Amino acid sequence: MKVKISRKAHFNAAHRLYRKDWDHAKNERIFGKCNNPNFHGHNYELIVSVNGEIDAETGFVMDMKVLKDLIKEEVEDVLDHKNLNLEVPEFEELNPTAENIAVVIWDKLRPHIDSNNELEVVLYETPRNFVTYSG
Amino acid sequence: MKVKISRKAHFNAAHRLYRKDWDHAKNERIFGKCNNPNFHGHNYELIVSVNGEIDAETGFVMDMKVLKDLIKEEVEDVLDHKNLNLEVPEFEELNPTAENIAVVIWDKLRPHIDSNNELEVVLYETPRNFVTYSG
Amino acid sequence: MKVKISRKAHFNAAHRLYRKDWDHAKNERIFGKCNNPNFHGHNYELIVSVNGEIDAETGFVMDMKVLKDLIKEEVEDVLDHKNLNLEVPEFEELNPTAENIAVVIWDKLRPHIDSNNELEVVLYETPRNFVTYSG
Amino acid sequence: MKVKISRKAHFNAAHRLYRKDWDHAKNERIFGKCNNPNFHGHNYELIVSVNGEIDAETGFVMDMKVLKDLIKEEVEDVLDHKNLNLEVPEFEELNPTAENIAVVIWDKLRPHIDSNNELEVVLYETPRNFVTYSG
Amino acid sequence: MKVKISRKAHFNAAHRLYRKDWDHAKNERIFGKCNNPNFHGHNYELIVSVNGEIDAETGFVMDMKVLKDLIKEEVEDVLDHKNLNLEVPEFEELNPTAENIAVVIWDKLRPHIDSNNELEVVLYETPRNFVTYSG
Amino acid sequence: MKVKISRKAHFNAAHRLYRKDWDHAKNERIFGKCNNPNFHGHNYELIVSVNGEIDAETGFVMDMKVLKDLIKEEVEDVLDHKNLNLEVPEFEELNPTAENIAVVIWDKLRPHIDSNNELEVVLYETPRNFVTYSG
């Protein structure tokens, strides 16, 4: 019996959308207000889901507390209260759009999840904008 | 890398559930309070999702602002503060159930979404009732 | 020891904002889209609060179940799935703005609440617009 | 045209995570605070979804009111304000983890849902922990 | 300039509403399902607010992190995953209604809050039932 | 009859908590992670409330659309997607804590609200931290 378990977490961060190899005018046209050179920021809400068989002994797919601690170590400790562009190496050359942040988070978590299980990341950039990535 | 991006929107409207070709007794039996001939109404919350490849240049599957404007033009401007039965041509012969409204919204948006991408519509009729349509 | 207890409820209804004694142009200018003659509608979320002394025997200010049933009888049964303008006598001559609906609900509940206790009504017309009335 | 309809419900209950065949030390190690022998409890939020073809006559996949009543009879009346370990036969030998509760709820509902339709159960144990089961 | 700062927290617990000095029939009549001798439970959501002058140097009424830690030590560590009736001394003779729990929490926090500042506790027993106590 | 009307809005911004006249060590000790020199950010949710008499003619305390537009012009257009420390003159010498931001917003709105009416600002810095200012 396969069940998907989900855990919510959150972090907040500053970021800016732009490409170094585009001039200012093109960055403005494509990224608008999100290209502010002084940065803006968000409270990112995160839902991490692991899909797998229920362990018959414990009744768990995966211990929620283990998942919570994993998200803290791999995601919150690395991204919370940070400037994504300046302080997170993955975004040195990668635009920190919600899409790319979700992929980066998924890549950080994947090695720590049982390889028989599927992993999904939902990331809310605002209460009205969110993205979903499943690998 | 495929990511699903989602945007929330909302509109409110009056409607009534009934079929012209059924008599009042049958409409009452099937649709109950929703058959009130004087109409009732809802705040409809809408989540539109587009699933596709991340554009390597922008880091976007689709610009959220473009999606937001598209929902405004195709859905909110057409349905907000309207009587669905009397003022929206699609429901002249079609019962405006949540299911049918979701299909109508999907049909309105589909031509404007890149044909390589998948489209999903989630429509909340109340905070406790909602429907999902993916074509 | 005074505690305020609060109970959430909800109903949905159609309505229209306008004054019979104004011409169409003035109604349009003041009430805009809310003046649609074919009506529009909302899911109204309601929070009813009663402020009073804790009964030392029960530990209740007022039994939440009694409050829930009272809201059902006095408010939900009267307003749910209704056209406020056409079917609720209080709005025959009174414009059903959120402000006026809150006052009407408060007036309906007040006689049923212990006169030593204070009553407050919060009414959400949409998730972004709400009003508070305390008599 | 296949649409997924969803209905939210809720119940609250006491429970304890442990296995009779494990000693106290092992139960503590695996289940931590959730192994409190005096029980703890939750407000469980439930979303039940039915995926199927829209009935061309009614515009419904399934009448939401029928689904609501079914959830009340099969789930809420059986689990609400109960001690899951002591009062719900399904958990006499089964650990009432969120995963197992979701499976039990799905099993209770499945016989009452049209066999052409798919059934999904989402169960929130807390606002931050939830599970999804689709059979 | 007085500002009210508010911090949300949560805990979950089992409880039962009843009076030892009433017979079973009276407890059933007054407390209904909440009198289940095997207990039931809730996810309690808590909002603690402190009203006071902004410190001109820091711009804080009170450091939110200090408030967060205080709530953890005085409330969450004491009530989370507990059976309120059996394991929390304050409820040995006091019925653990939402009203009384709010008063107990307020009494625990009050000595740790600057005496110039006002303290308010809002306690959600369910998403639909909550209470407010300000001393 | 006095009613309080409330309107929700939102903006997102980057900020940093620190005082120019304190050394780095003191800023770290008092403001912790919020002192990140590269900034971090939030989705700020705002609730603006106006308390006053219902206008007998319109049934409004104040037209919600007027209030919505006022918040857009005076608050959202000025703060949204901005770096509060670097781009908002009010915070050149003032620490942009939630408390101070709420006061600044209140000061911006107050001149535009009828002097007979009371104004209240609630500002969520995160879903768990918020502040209230009423002048």
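Letters are used for the chains, namely A, B, C, D, E and F, taken in the order the chains are written, and counting of residues starts over at 1 for each.
Everything below uses one rule, namely that a residue touches a chain if its C-beta (ideal position, glycine included) is under 8 Å from a C-beta of that chain, and two chains touch if they have at least 3 such contacts.
It should be emphasised that the depicted structure is a prediction, and the values quoted were computed from it without experimental measurement.
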| task | If we define chain centres by averaging CA atoms, which chain lands farthest from chain C? Would you check? | result | A
| Greatest separation from chain E - chain, by CA centre | B
| request: Between chain A and chain E, tell me the centre distance in angstrom, where each centre is the average of that chain's C-alpha atoms. | output: 34
| message | As a quick test, compute the distance in whole Å between the mean CA positions of chain D and chain E. | response | 28
| chain B residues counted as touching two or more neighbouring chains | 127
| What pairs of chains are touching here? | A-B, A-D, A-F, B-C, B-D, C-E, C-F, D-E, E-F
| Parts of chain A lying in touch with chain D, wherever the complex brings them together | 1-9, 49, 54, 57-61, 63-65
| note | chain E partner, complex, touching residues on chain D are 10, 12-15, 33-34, 36, 38-43, 45, 80-83, 86-87, 126-127
| query | Can you list the residues on chain C that touch chain F in the complex? | reply | 17, 19, 30, 32, 94-100, 102-103, 127-133
